[in-house]
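Next up: some structures, all given as structure tokens.
Below are two complexes that have subunit A in common, paired first with subunit B and then with subunit C.
Here is the complex of A and B:
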């Protein structure tokens, strides 16, 4: 299973502007598999992104909607994209300012389907 | 939060606010409680300190038997709470951290900010002071004296 994850993550990491891709345990925020450029603090991003996704889920549920199916956090010099990959895991992508968000989103959803 | 050593206060406060841990206990391996958050009774700290130290000693012995390096941290995931237990070296000796957290945070977040707290403690730690040798009789004495200081009795 980890090998399947790794192949998908490496495929995502090859997209322009993407500096890292990770499969993360949704409850714990721990890294399951990763393909990251050097210098990216994967464990910290995993823990904080999973925490953010959980809080977003609480907020969205309180508003009466279903759980979030995609989260896009845009920062000044990059973006963080998160997609649930099954009930227990999250697919997280870290992109720089050159990332093609539309393409990244499609590729992420396809990767989740392949990993299911 | 109550701390017996002032240099621990700021890193621990930051850890508590970032990690949203419910209970935290910092102690030396000699049994002296350095700081605590969330405990209301001395007897609970006494039990947590003794059990935490015993669990870490057991895992260290297990690592020795297996011929591997000592485990750095140990976690237990329960239905409603998780426990994170870790030991780290400082210039003033070994410290043990015991953290109990709930569903409002996660193991990843606790681990992340615990590691940052350890880094901050290393910056703040005063270099003078003694390293205490761990003996069974010391453990009980140190534990009782630190509990008296924390709870004022």
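Here is the complex of A and C:
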């Protein structure tokens, strides 16, 4: 399974503007598989992204909504995208200012389907 | 592994919906197994996000781990869910005491004492806060500057003015301060319940996590956090350093328009906040 993850993550990492892709445990934010450019603190990003997704999930539940199917954090010079990949895992993408967000989202959803 | 933890772990494995996660997480916390306690309580919170006791216990676990900022958030959520929650008032009271905000510390500790009359830690803390307050009065001739919060009635009047004139100002726009308290706007769940305060309580923590994630990745300040679910799209922004603005619309609402609406609401919020100063 990890090999399947790795192939999908490497495919995502080749997209323009993507600097890293990770599969992460949704509960504790531990990295399951990764394909990251050098210098990206994968473990810390994974933990924070999973925590952010959990917090948003709690807020969304409090609003009476279904759990998030997509999360996008946009910052001044980059973006973090997260989609659930099954009940216990998250697919995370890190992008720079050149990332095509619409394409990245579609590719993420396709990757999750392939990994299922 | 001690027997009680073994038994409770087995119970939880047999029935993941069981509330035994609370005593299990507390037992792990008391044995200083904070990572395991955190894991258990987070799994429980995922199933029971509205359970004040679970947020209180998570606050204590975070406090034991010296993560006071997040502990404050969790206790704040617990109080939003259960305004008389003694454990959460005790936790926040201690944090305010440590931060030197004595009036606020005393308010929270007194509420805690009503629910925990035999708790000697609360009794001792109240005595120390009163002593420190008395000392402040003696030193300056007047009480400390951290006065009580405005009354809820005044706050409600102000809240209605923030988004006046904007589309769906009372359902789907929410302005929240850094402590998870609603400043303005409103929000209803798909079945028509008022969920504004409940959602507001969760948003301060979200903003802090977003800031941390963006800084960790050297991305600069975060501009927006967008979340999609089957029931709606949420757009979170930070119109000022101390506030977050939530815009909620149905799933068919285009994300680009959501961002534009958030921009307009952010301008209104900044203008309203400036008018208060």
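The rule is short, and it goes like this: the second predicted complex is superposed on the first by the 116 of 116 C-alpha atoms of A that agree within 3 Å, B and C clash if a C-alpha of one lies under 4 Å from a C-alpha of the other, contacts with A are read in each partner's own complex, and residues count from 1 in each chain.
Here is the rule we use: a contact is a pair of C-beta atoms (placed from the backbone, for glycine too) under 8 Å apart; a residue touches a chain by one contact, two chains touch by 3 or more.
The structure presented is a predicted model; accordingly, all values stated were derived computationally and were not measured.
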item	value
Partners on subunit A (subunit B, subunit C) - clash or fit	clash
Which superposed partner A:28 touches (first subunit B, second subunit C, both, neither)	both
Which of subunit B and subunit C A:56 touches, first, second, both or neither	second
Contacts of A:66 with subunit B and subunit C, given as first, second, both or neither	second
Which superposed partner A:110 touches (first subunit B, second subunit C, both, neither)	neither
Residue contacts with subunit A in the superposition, subunit B compared against subunit C	C
Touching partner for A:43 - first (subunit B), second (subunit C), both, neither	first
First (subunit B), second (subunit C), both or neither touched by A:98	neither
Touching partner for A:4 - first (subunit B), second (subunit C), both, neither	neither
From 19-27, 55-63 or 145-153, the subunit B stretch with C-alpha clashes against subunit C	19-27
Contact residues common to both interfaces of subunit A (with subunit B and with subunit C)	27-28, 44, 48, 51, 54
Subunit A partner contacts - residues on subunit C that touch it in the complex	39, 42-43, 45-46, 49-50, 187, 189-191, 193, 195, 198-199, 201-203, 205-206, 209-210, 212-214, 216-232, 234, 248
Contact footprint of subunit A on subunit B as seen in their complex	77, 105-109, 111-112
Partner subunit C, residues of subunit A touching it in the complex	27-28, 40-41, 44-45, 48-49, 51-52, 54-80, 94
For the subunit A and subunit B complex, residues of the former touching the latter	24-25, 27-30, 43-44, 46-48, 50-51, 54
